[in-house]
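What follows are several structures.
In the two complexes below, chain A is the common chain; its partner is chain B in one and chain C in the other.
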Partner chain A sequence: MTRVVVIGAGVAGLVAAIRLADGGARVALLNKGTGGLQLGQGTIDILGYSPDRVERPLEALQAFAQANPRHPYATLDAECVRAGTGYLQELLGPALLVGDPDVNLQLPTAAGAIRPTALVPPSMAAGGCVSGANFVIVGLRQLKDFYPELVAGNLARTDLPGGGRLSARAAMLDFPAREGEVDSNALTYARALDDPAYRRRFARAVKALVGEGETVGLPAVLGLDDHDAWTDIADQIGAPVFEIPLPPPSVPGLRLNRALTARAKTSGVRMVPGSKVTGFRASGGSVNSVQLAVAGGPRDFVADAFLLATGGFESGALHADSYHNVHESVFDLPLRIPQGHLVHGDYWGDPQPLFTLGVETEPSMLVRHPDGDAVYDNLYAAGGILAGATRWQEKSGEGIALASAVRAADSILATAASVATSQGAAS
Partner chain B sequence: MVSDPHSATECADENAIISRIQADAVELTGGYFVATEVDDPAWGDDWAKGATETRVPFEEVSVADVLKAEPRLNPKISRAFKVQDGSVDGWQLVWGAANSAKQYGAQILTYHAVTKIERDGDRVSQVVCTDVKTGEEVRINTNFVLNCAAAWGGQIAHMAGCPDVQVVPGAGIMIAMNHRLTNSVVNRLTYPADGDILVPVHTVCIIGTTDQKADDPDQLKIDWDEVQQMMDCGELLVPGFRKARAIHAWAGARPLVKDSRVGSGDTRHMSRGMSIIDHSDRDGLKGLLTIAGGKLTTYRLMAEKVVDAMCTQLDDPRPCRTATENVPGSESGKNYVITHRLEEREHDRFEEQILCECELMSRGMFTRALVQQPKGSFDDLRRQLRLGMGPCQGGFCSLRATGVALQTEHIDIERATGLMRLFLKNRWIGIWPILYGDQVRQTALDNWIFQGTLDVEHLPGPTHEEVV
Partner chain C sequence: MNAHESLEFAQTQVARASLDHCVKCTICETHCPVSAVTPKFTGPKFVGPQAERFRHGESVDHSLDYCSSCGACTLACPQGVNIAELNSQARAVMKADHMPLRDQLVSQTTLMGMAMTPVAPLANAALQVKPLRTVIEKVLGLHRDAPMPKANTQTITGWLKKRKKPVKAATRGPVVFFHGCAGGYFEVETSKKSIEVLEYLGYEVLVPKQGCCGLAQQSNGLFDGATDKVLKLCDELRSAGRDLTIISSSGSCTGMLKHEAHEIMGVDDSRLKDVGTRIRDIMEFLLELDEAGELPTDFAEIPLTAVYHAPCQLKSQGMGQPALEILKLIPGVEAVESEATCCGIAGTYGLKKEKYDIAQAVGRPLFDKIKRVNPEFAMCDTETCRWQIRKGSGAQVEHPIFLVHQAYGLS
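Then we have the complex of A and B:
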């Protein structure tokens, strides 16, 4: 049985670990902190802007890759992305993820922008910004990261991507998550709304604000562990309801994170959270083990293959020192570093070169020297660590992560199978 | 020796006055002058002699004592002097003075750019300016103008037809680190050089500063080389400084009056003492005095001197009382302490939301400031409230400020959205020059929030971009 260590528990690490375990590998997943899903919008982006707004992401990928030959999508093509998103849909099921990777939905953000994204939790699906839509956006007085006036005001003055306008108005609810608390975050509300009794009172209060024919936009706090909380609320209100993602902590992201973590455990992935990988051993062109800093001293994790899914600068996987020397934090891998200044002063201008920095891979996702050979014959990479993308601008993060995670997992399993075959032939 | 002896005495005296009359803007941190491993300890004797002559109180202390008080300072320090020092919130200082002036009937027109000073014969008669928020022209009739425009003083004098007032902008950068590396002001015990002071202010500490002759005080750059220079100096004072987190940088221009005794390229050693230019002598124009030079600590004294000069000319002599009268907000005479806001939030945490966790700014603080400045930009409010000035640099509070401002109905949706866009853009001006280390990580998170989750780049376009 091949042994694999996956480092990082974002969407790439979790999905790769599950696919490897289900494919017969013995998998340990090492992660320092909660993965990036809880920081994002909780939907699955493939490609939102190229740089114009994208309606059909998989169709747009080929032209996008041609225009950006050093982008991860230059090797991870539409079929690969389809395989990745399809696999995630299979893992999560329609209770957590709906939509079609060929078509972007255009959903409201908490600033009132209209954001393209591909697969979404069903609790967001009714928020499509189409001509003639009639929204009431409801905020909560005690939740400071959501302002319905801002959302409704901007939505109502936007010429919609598909043409026309929608109508949106704001309403405010004074409804504490906990008795006497004026400053509650999204997670506190989500936990409160897991309770059916609280939910009934909440739904009744919202219902009083909703007019005939209106679709109700609410902050994305409608239940954490109870995935039916939002439908229960919609039923009690008697109107379609949709969630709007907030800045972190992201409740929809946490739902995905929790579901994937539970699924990984079911698949037999050994989860080792809370410690940092601080070193590794390599010999003969292969990584032999990584060291995890745990109580009592470093602990060796030996494996046949390693998958680096640690993310980018946001997670600390990449670090730029005060001289602008950039390092990858686990293996100090060679990086693709753009020429010239890494940062410029135009906030609304071109992507900052610094954030396109990362590792290069072969099509198998084996990490290679920039434009050169593989660094080790058993070290793979997936997700935010890959060079060439500005994910937050392109709205491409999950698509890259899923496609590269599935590709890397399949490469590792295929190599293990061929080794097993050749060993079988030799014996 | 002290290179600017007159200025040193004035500073020490004014330090005591300002700490008293503007107590809410001053934290009495105390300070040290320390000789680092590259500084000549013998220079301390010259410094001590100069300090004695100029009546600046000091005490030589052992390196061990300094390190006990400031354990992060470099143990290779060879010599140290303890001085009375404090750290000033420049914005609070300005607001204190402004509010005091208003109590005496002053009208303060911010965002008004002077375009011309008219004369009637040999006397000033009118100041013409443009309200840059509305574009309207405003004319103010007067028979006396005090030109206190600092680095812009030469430009203002020129508008009154008084050419060649040489105020050379000496540009210096400053970098805020994400917390206090020291709790006292730490100066290098050396001939004034670049990167010679570390000042704790509120929740951060600031390292300064460089000195580059600038052509235009409106166009000050922060070069990567200068940032590197500050880092090297920081490292001398506090080992590991480069691994600490820089959160923001900015540049200011010293208004240095050109002095024929030094070359015009060396702005640091031009007079930082104040000069008053009487344009009736110099240019035959009555009713215009220009004051230039000086430094922040001596600002009150500069005001006293120039107003006294005006009163003499107007034959209206009165004693100046500003040295003895506390400004509004400082009536209690209690100096600022860093725990102020923590205490306030302890009292109101069950009633008020905290909009900016980094700086403990409550919703009420924000809405009250907005009532006072309904046309203010978020940067205007920031300068009163420290909105967005902490480690996350607006990552979480910018959206909240926008939403709350919109709810108060002082502004409409287009202005609210425009102000958020402007605030993000303006924060970036001070972030990108020092973007390294953990602030890169923070910026990546902020980008995930604003561009990733909120998609602010695709908000409906403004009919015009907010600029002020």
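Then we have the complex of A and C:
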């Protein structure tokens, strides 16, 4: 049985680990801290801006890759992205993820901007900002991070991407998540709304604020473990309901993270959270093991293949010193570093070159020297560590992560299968 | 560093080196089992990296005392902030000049075992007497319904003296066994089975005379006493032989030796470092053998589906859940991961009058899961957690080594 170590438990690491384990590999998933899923919106971006707002992401991918030949989408084409997002939809099912990778939805943010994204939790689907939509945005007095006047005001004064305007008004509800707490976070509300009795009282209070023909926009707190909580609330209110994602802790992100983590465990992935990979051993052009700094000293994790899915600067996978010398923190891999200054002074200007920095890979996702050969014959990379993308500006993060995770997992499994075949033939 | 210096360390150094790594991402908040069930604790980020900025010796936020020190926050932090350690240190400083008598007594675990063992039936009966427990609650602040250990008539030392020595010659050399005070006095069966499994595998098991690791004192902020205890224990474990692997079936005490004494109390002593790097949790040890192809896996089938709960202080060692991997090797066993961050007891936290209800609320999802999956039997690696889970679920709760012992045909 081929052994694989996956480093990092964001969407790329989790999805790759599941695919590898289901494909017959013995997988250990090592992660220093919880992955980034619960810091995001719980939606799956493929391509939101190229740089103009994108309506059909997979269609736009080819022209985008041609204009950006160093971008991960230059090797991870539309079919690969479709395979990645399709696999995620299969893993999560329609209770957690709906939508069409060919079409972007235009959804409201907690600041009342309109954000393009492709796959969304079903609880957000009714929030499409289309001409003639009629929203009431309901806030909760005890919930910081969500101001309905801001959301409704901005939405109502925006010329919509598809043309026209929508109507939106704000309403505020005085409804504590638990007694004695005047300042609750999203998670506390989500836990409270898992309880059907609390939910009933909540729905009744919201219903009193809703006018004829209005669609109800609520902060994304409608249940954590109970994935049907939002439909129950919509039924009781008697109007369509949608969630608007908040700053972290992101409840929709938590739902995805929990579902994928549970799925990884079911698939037999050995989860080793909380320790940092601090070193590795390599010989003959292959990585043999990584060292994990657990309490009481480093332990070796030996494997046949390694997948680096550690993210970018935000997770510490890439580190820049004050001279702008940048290092990859696990293997000190060669990086593709843009020419010239890495950071320019124009905050609102072009993307900062620094953020396109990362590792370059072969089409199999084997890490290679920039424009050169593979660094090791069994070290792969996926997700935010890949060079060439400015993920948050393009809204491309999950699309790249999923496409590269699936391709890396399939490359590792294919290599293992061909090794097994040749060994079988030799014996 | 002597005992007084460790409190000094907590007061001035704390885990402050990691403080500025906090990006306020809230990941720790989502993992906290205490703030999930009560608004009395405002959460690890608020009480830790945020409140720490306002502390100048004295604490500004007394909700700190409601932190159970389970360590889930530090484990979850992607930025390497020592949140739980920061909180434990700040609490020790906060309590230093008015340490409750209750907290000083409840952390004397060895004393409790020594006092109860000779009069085990009497002690066990006394702890069942409601009026007596009510008085204890009133006078000492230990909740009347809090789980208490069941005293044994025989200690592990007594058993080792009386038992027949193993007939099979040791083929794999000597190892040192650390049973902890609970494994010496109360959970003696776990220690016996661990020793027998190690002997079955071919090890000569050395069990030096040993005291307490000081974890209960540490978690109550009594750093002086805890430092003395942990260093004394290091001397005792080291006396059995140099460079030998030390193996323990006491999940949480192992963590005290591996990292907590150093990271929380700042004990910087070569003896602790020596023991801390040589010690292995017994399931971790078995998994290392398996990874190296050296663990016999001719296990007998045990048809059993049961919840396995990894204690918070075992998970905080950052090695995953080795018991889950070992249990997968036993045919017929389906170990269902508890998915619970903590059982609620967190050492002595859940014994305390003002925290009992919180500890029960923290443990409830775990108790409910055991009742759903298998109400008769569950597994957990730490003694105090087993007492809490037995009381909360009504199930027999044992160390996972019980199943390994049985699957090797030893019971």
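Operating definition for what follows: the second predicted complex is superposed on the first by the 427 of 427 C-alpha atoms of A that agree within 3 Å, B and C clash if a C-alpha of one lies under 4 Å from a C-alpha of the other, contacts with A are read in each partner's own complex, and residues count from 1 in each chain.
As a convention for this text, a residue touches a chain if its C-beta (ideal position, glycine included) is under 8 Å from a C-beta of that chain, and two chains touch if they have at least 3 such contacts.
Note that the coordinates shown come from a computational prediction; the quantities given were computed from them, not determined experimentally.
Undergrad: When the two structures are superposed on chain A, do chain B and chain C clash or fit side by side?
TA: Once both complexes are aligned on chain A, chain B and chain C fit side by side.
Undergrad: So, does A:S404 touch the first partner chain B, the second partner chain C, both, or neither?
TA: A:S404: touches no partner chain.
Undergrad: With the two structures laid over each other on chain A, which partner does A:W348 touch: chain B (first), chain C (second), both, or neither?
TA: In the superposition, A:W348 touches chain B alone.
Undergrad: Quick check for you: in the superposed arrangement, does A:G180 touch first (chain B), second (chain C), both or neither?
TA: It touches chain B and chain C both.
Undergrad: Of the two partner chains, chain B (first) and chain C (second), which one does A:V302 touch, if any: first, second, both, or neither?
TA: A:V302 contacts chain C only, not chain B.
Undergrad: Look at A:G316 in the shared chain and tell me whether it touches chain B only, chain C only, both, or neither; answer first, second, both or neither.
TA: both
Undergrad: Figure out whether A:V294 sits in contact with chain B (first) or chain C (second), or with both, or with neither.
TA: second
Undergrad: Contact-wise, after the overlay, does A:M271 reach chain B, chain C, both or neither (first, second, both, neither)?
TA: second
Undergrad: I'd like to know which partner A:P248 touches here: chain B for first, chain C for second, both or neither.
TA: both
Undergrad: For A:L39 in the superposed arrangement: first (chain B), second (chain C), both or neither?
TA: Both partners.
Undergrad: With both structures superposed, pick whichever of chain B and chain C touches the larger number of chain A residues.
TA: B
Undergrad: To be precise, I mean the smallest distance between any C-alpha of chain B and any C-alpha of chain C in the superposed model; what is it in Å?
TA: 5
Undergrad: Where on chain A do the contacts with chain B and the contacts with chain C coincide?
TA: Residues common to the chain A contacts of chain C and of chain B are 39, 180, 248, 315-316, listed in rising order.
Undergrad: Going by the contact rule at the top, pick out the chain A residues touching chain C in the complex.
TA: On the chain A side, the touching residues are 28, 31-36, 38-39, 178-181, 185, 187, 191, 248-249, 254, 262, 265, 268, 270-276, 292-297, 299, 302, 315-316.
Undergrad: Provide the residue numbers of chain B that touch chain A in the complex, in ascending order.
TA: Touch residues, chain B against chain A: 228, 231, 242-243, 246, 349-355, 363, 395-396, 399-400, 402-404, 406-407, 412-414, 416-417, 420-421, 424-425, 428-429, 432-433, 435-437, 440-441, 443-445, 447-449, 451-460.
Undergrad: Please name which positions on chain A make contact with chain B in the complex.
TA: Where chain A meets chain B, its residues are 39-41, 49, 53, 109-115, 142, 144-147, 149-150, 153-154, 157-159, 180, 182-183, 245-248, 250, 312-316, 319-324, 343-345, 347-348, 354-355, 391-393, 395, 397.
Undergrad: Over in the complex, which chain C residues touch chain A? Could you list them?
TA: Residues of chain C touching chain A: 25-27, 29-31, 36, 39, 74-80, 255, 257-259, 276-277, 279-280, 288, 291, 315-321, 324-325, 328, 337, 339.
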